[in-house]
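Multiple structures follow.
The two complexes that follow have subunit A in common; it is paired with subunit B in the first and with subunit C in the second.
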Partner chain A sequence: MALKRKIAYIDLTTGEIQVKPIPVEIRKQFLGGRGLDAYLLYNHTKKGVDPLSPDNVLLISAGLLAATCASATTRTHVMAKSALTGLLGSTNMGGFFAPELAWAGFHHLVIRGKAEKPSYLFIHDGEIEIRDAGNLWGRSTTETQWAIREELRDPEVKCLVIGPAGEKLVRFANVMTGIKDSGGRTGMGCIMGSKNLKAVAARGTMDIGIAHPEEALEFNKRFIDQIASSKVNQTQGTLGTPFIWGATNSWGGVRARNFQYNQCEFADDIEPERLDEIATETMGPHHMAGCFGCQVHCRARYKLPSGPYAGKYDEGPEYTTLGAFGAMPDCRNAETVLTCNYLVNQYGMDNLETGAMISWAMELYELGILTREQTDGIDLRFGNDEALVEMVSRICGRKGWLGDTLADGGIPASEKIGRNSFDYLVQVKGMNNLHSDERATPALALNVATASRGSDHLRSRPAIDLYHLPEEVLRKIYSSPVPYDGPLSSDHTVYEGKPWQVFWQENCYMAVDCLGICKYHTVFLGPTHPNFEDWAKVIRYNTGLEFTPKDIWDVAVRCNTIERMFNLREGLTRSDLKKGDMLNHRYFDEPCRRGAPGVVGRYIDKEKFIRMVDELYEHKGLDKEGVPKPETLKKQGLESEPSHRL
Partner chain B sequence: MQKNNKILKIDYEKCTGCRLCELVCAVKHDRVSNPVRSRIRVIKWESEGVYIPVTCQQCEEAPCVLGCPAKALSRNEDLGRVEVDYTKCIGCRTCVSVCPFGAMHFVATDRKVIKCDLCDGDPQCVRFCEVEAVRFVDTRDLGLEKGREAARRLQAADRKAVSLLGAQ
Partner chain C sequence: MADEDISTAEALRKTRTYGKIRCQNPSCMGRIEPKAGQTHVKCPECGMEFRVHWLRPDFPRIRGPVWEVNRKLAEEALKKKEKER
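Right after this comes the complex of A and B.
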């Protein structure tokens, strides 16, 4: 049974390992995955802990439904205090690692301390070993994975690894599994590197009992039919996530030249159809691949067609890669985007943060805030493809003054560069915004401003707000499982009703992150996709646990509150530009210059934005400063946290 | 005419590598999730992006049937499959050794061999594979589909050759 999966406490300093069951009462409060990780982080770290110290804890988990007969139960979650933001570090990835961890007997790993020398963990059928990783240190993410398989003489071992960027403590180093499945945001690879932990390898052959197998199978089939019949996932399954980039760019919702424009012009070479051609030419017509148990198959397999790495096999590129190495630095060549994609995948570095940092530096260079001396002679203007590729390598290797400076993340770099460089850094809570431009979309702006891990779309983005769905359809979605009779609007440019949508999505995404299901299997891009009602059923069929849709909602609300409590404990203050729920001034001061007629000239109205934040706080049961009210904590059963129950 | 002419046909180039077939196979047969209990396995070379589902071919002259010292394996013509009679099986794993496809598996925890039984005529791997990398098709014209694809390629090559000649 999924409920038999255990939690392991691993101290890398002492080598001590303790294994415990996860009590059902804890499951009922936090489910698993990201939600339970948030509970563990709040309970196992002390206020003000140095993220790079042995006292920080690294949490690696599979969702409650990992490897069960629900659909796309593939996601691995990693959490710690972030060295990039000094706040909540949290990242989530697809692939095949989480199911393997579950088959090996575990759902949660709590890793503290620091290994004396480079090490990796090998987890197999209830056993955990700490092994020497001396021969793996310095190797790329894929080389590391294949070397571990060879050493363990088992090609079925699945690994979660860091690359050279994590070893060099690049603050936005990622954790990776497979060719390109990345936990990119908030620099969890940096935390692994700080613990001398090169990899976690898993291999499992233990049964996961299914409580009601016939029902689970039939419901899974229904899920698949529902998802496979939707246009959005059919397109996703053909063109991958680049299709979203193409669609968003067409109306003007993509950051270009850092944040100067909201649309990337003359981008034919990086349009999704062009990338699809490259994948077809190099890997054949059936080049899409899927994560565990998923029928969306949204990632492309391809070989680099040209450039210094021509012929190398890679996967992607993703929606975010096109923004990071295409629109933001204004480099519009497929070869450049694919080269950078390959490099960050091999180095183990977040594509978004890397691209955003370089684009910011390009703007500073053009403004004269960064000099050619500071760029170590690189002509770092927008559209200089060679400079972009070179900077990716320099950041990973911390080479040169600028490479080393940018590797420390946006806020420290802005302090080092000085002058008014910070004004141009499009970040929230110390993490750069993804490549989307939210100036014309108040709901999306509220999402990035208030996301618990910094500027990010996967925490609370009401992406369907852009579909202009009829109000009655919106009402059907957003009035369940808790009633809502406030305003809702089909118009993406208005401010009314958006806080509720953001609040609802925040709970929706938390729920799937607890279950370990991919967001493409929920109301993210597909308004008709599975929902709280469906999850109540899959939980029952697969684990035997009884939850009502409202129970799941309550768990999600609780888990979001505990993430908030962690952030507040570590210094989040509402209007702080570096650690708060606040946007860069450019959202308020610089109107959109390109895009569809209804987009040109739009910007975020600061007063209305502040009122949206107020309203969101009310929905979340927070006071005006964004702190949970005592009655909220009581209602959610969090008044005695940290409770140290696990 | 035979009662069942259908076989599992695998178009490996269509496989997305998701391993849902492994999951549903184990759940259907053993009511648990565990790929080591699956009768179909997706073999992968991840560094090249190659995924190939492998399962029992239900051979006509099956090495497992020929090799079984206990005569526990036999062909069931009604269901078009090779099947194990567990009342006769002695667990010697000869079938695992002789199967040229690696499609016989030994489940270490249960101490027994397992193989594809076509789910008695409704293979779950086929039912769940949305991209149709695994299909349940009639054997009567098995080669025709491939033949058509090959013919199309030949025609395209022929046209190209004609145009090249014309250019000379």
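Right after this comes the complex of A and C.
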């Protein structure tokens, strides 16, 4: 049974390993995956812990439903205090690792300490070994995975690994599995590197008993039909996530040239349809693949058609890659985007953060804030494709003054560069903003400003706000499982009702992160995708646990609160531009200059934005400073945290 | 079937539309229904022009703007808004 999956406590300093069951009472409060990880992080770290010290804990988990008969229960979650932000570090990836971890008998790993020498963990059918990784150190993410499979003589072993970027403590290094499945936000690869942990390998053959198998399979058929028939997923299954960037760029909702423009014009060579043509030309018509148990198949496979790595196999690129290595640095060539995608995948580095850091540096260079001496003679102008590719490698290798500086992340880099460089760094809580431009979309601006792990679209973004859905459809979605009769608007340029949408989505995303389900199977991108009431059935049929939709909502609210408590403990304050729920001044001061006629001239009204934050806090049961009220903690059963129950 | 009741997500399925695309101007958002195989459309409401890609013969999507046309519209709109500020 899924509920028999265990938690392992691994001390890399002493080599001690303890295995414990996860009590059902804890499951009822936190489910699993990200939510239970948040509980564990709050309980197993002390205030002010140095993220790179052995005392920081690294949490790796599968969701409650991993490897069951539910669709797309593929997600692996990784959490720790972030060395990039100094706040909550949390990242989530697809692929095949989480089900393998569950088949090996575990749902949660709590890793502390630091191995004396490079090591990796091998987890197999209830056993955990700490093994030598001396021969793996320095290898790319792909090479590492193949080397481990060869060493263990089992091609079915699934691995989470770091690449050279994690070893060199690049603050935004990824944890990766497969070719491109990336735990790519908040630098969890850096935390693995700091622990001398090169990889976690899993192989399992332990059965996951299903509580009600016939009902589980039957319901999943309905689930699959609902997912696979939606237009958005049919589009993703053809073009992958780049379709989102293409659509957003059409109307003027992407960042270009750092944050100077909101549209990348004449970007035909990096449009999703062009990338699809390249994948078709190099891999054939059936080049889309999927993660474990998923019917969407949004993963493009291709070979680089040209350039220094021509002929190399890679996967992606993703929505974020087009922003990171296309619009942001204003390099509108497919070859450049695909080359950079290949490099960050091999190095194990966050494409989003890497592209944003380089584009920020490009703006500073053009403004004269960065000098040619500081760039080692590189002409770091927007549109210089060669300079972009070179900087990707320099950051990974911490090569040169600028490569080393940028590898430390935005805020430390701005302090080192000085002058008014920070003004141009478009970040929240120390993490660069996504490559979307939210100046014309107040709901999305509220989302990036208040997301728990720093600026992010996968925490609370009401993306369907862009679909111009009729109000009655919005009301059906947003009035369940808790009633809501406040304002809801189909117009994505207005402010009214948006805090509720952000609050609702925050809980929706947390729920599926606890269950381990991919967000493409939720209301994230499709109003007709499954929802709280569907998940209640999925949980019951697969695990036997009885949850009402409202129960799942309550768990999600509780887990979001404990993430908030962690951030507050580590220094979050409401309006702090470096550690708070606040946006860069450019959102308020610089209107959009490109895009559709209804977009140009738009910017975020600061007073209205502050009122939206106030309202969101009210929904979340926080006071004006963003701190949970005592009655909120009591209602959510968090008044005694840290409770050290697990 | 394990459970006969229809969830909100399933109930909303009837709201899906096929063969149409929306104008991407947020102050318009009108429905445009391209003819089969048509690769270029103009919004009859606001004048924005788009290139069309067909995922399937019955499934159009906007590939991107007609850059020169839409840039001109954006510049005019921006000029007007700046005057009004």
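Everything below uses one rule, namely that the second predicted complex is superposed on the first by the 646 of 646 C-alpha atoms of A that agree within 3 Å, B and C clash if a C-alpha of one lies under 4 Å from a C-alpha of the other, contacts with A are read in each partner's own complex, and residues count from 1 in each chain.
As a convention for this text, a residue touches a chain if its C-beta (ideal position, glycine included) is under 8 Å from a C-beta of that chain, and two chains touch if they have at least 3 such contacts.
Note that the coordinates shown come from a computational prediction; the quantities given were computed from them, not determined experimentally.
Enquirer: Overlaying on subunit A: subunit B and subunit C, fit or clash?
Expert: Overlaying the two structures gives subunit B and subunit C room side by side.
Enquirer: Does subunit B (first) or subunit C (second) touch A:531, or do both, or does neither?
Expert: Only subunit C is touched by A:531; subunit B is not.
Enquirer: Pick one for A:613: touches subunit B only (first), subunit C only (second), both, or neither.
Expert: neither
Enquirer: After superposition on the shared chain, which partner residues are touched by A:178: those of subunit B (first), subunit C (second), both, or neither?
Expert: Only subunit B; A:178 stays clear of subunit C.
Enquirer: Would you sort A:84 into first (subunit B), second (subunit C), both or neither based on which partner it touches?
Expert: Neither: A:84 stays clear of subunit B and subunit C.
Enquirer: Which partner, subunit B or subunit C, touches the larger number of subunit A residues?
Expert: C
Enquirer: Using the superposed model, measure off the angle between the directions from the CA centre of subunit A to subunit B and to subunit C, in steps of 10°.
Expert: 80
Enquirer: Just to be sure I read the superposition right, which of the two partners does A:231 touch: subunit B = first, subunit C = second, or both, or neither?
Expert: Only subunit C; A:231 stays clear of subunit B.
Enquirer: For A:136, select first, second, both or neither according to whether it touches subunit B, subunit C, the two together, or no partner.
Expert: neither
Enquirer: State whether A:291 touches subunit B only (first), subunit C only (second), both chains, or neither.
Expert: first
Enquirer: Closest pair of CA atoms, one in subunit B and one in subunit C, after superposing: how far apart in Å?
Expert: In the combined three-chain model, subunit B comes within 15 Å of subunit C at the C-alpha level.
Enquirer: Subunit A touches which residues of subunit B in the complex?
Expert: Contact set of subunit B toward subunit A: 13-20, 23-24, 27-28, 30-37, 44, 46-49, 51, 108-109, 124, 127-128, 130-131.
Enquirer: Please name which positions on subunit C make contact with subunit A in the complex.
Expert: Against subunit A, the touching part of subunit C is residues 1-3, 7-13, 15-16, 18, 22, 24-29, 46, 48, 50, 53, 55, 59, 61-65, 67, 70-71, 73-74, 76-78, 81-82, 85.
Enquirer: Show which residues of subunit A lie in contact with subunit B when the two form their complex.
Expert: Against subunit B, subunit A makes touches at 67-69, 96, 103, 142, 146, 155, 178-179, 205-210, 213, 216-217, 220-221, 224, 228, 283-284, 286-295, 297, 301, 313, 315.
Enquirer: Once bound in the complex, which stretches of subunit A touch subunit C?
Expert: Within the complex, subunit A touches subunit C at residues 214-215, 218-219, 222, 226, 229-231, 234-235, 238-239, 243, 246-247, 249-252, 265-268, 271, 273, 440, 468, 470, 473, 476-477, 480, 491-493, 523, 527-531, 533-534, 537, 541, 591, 593-601.
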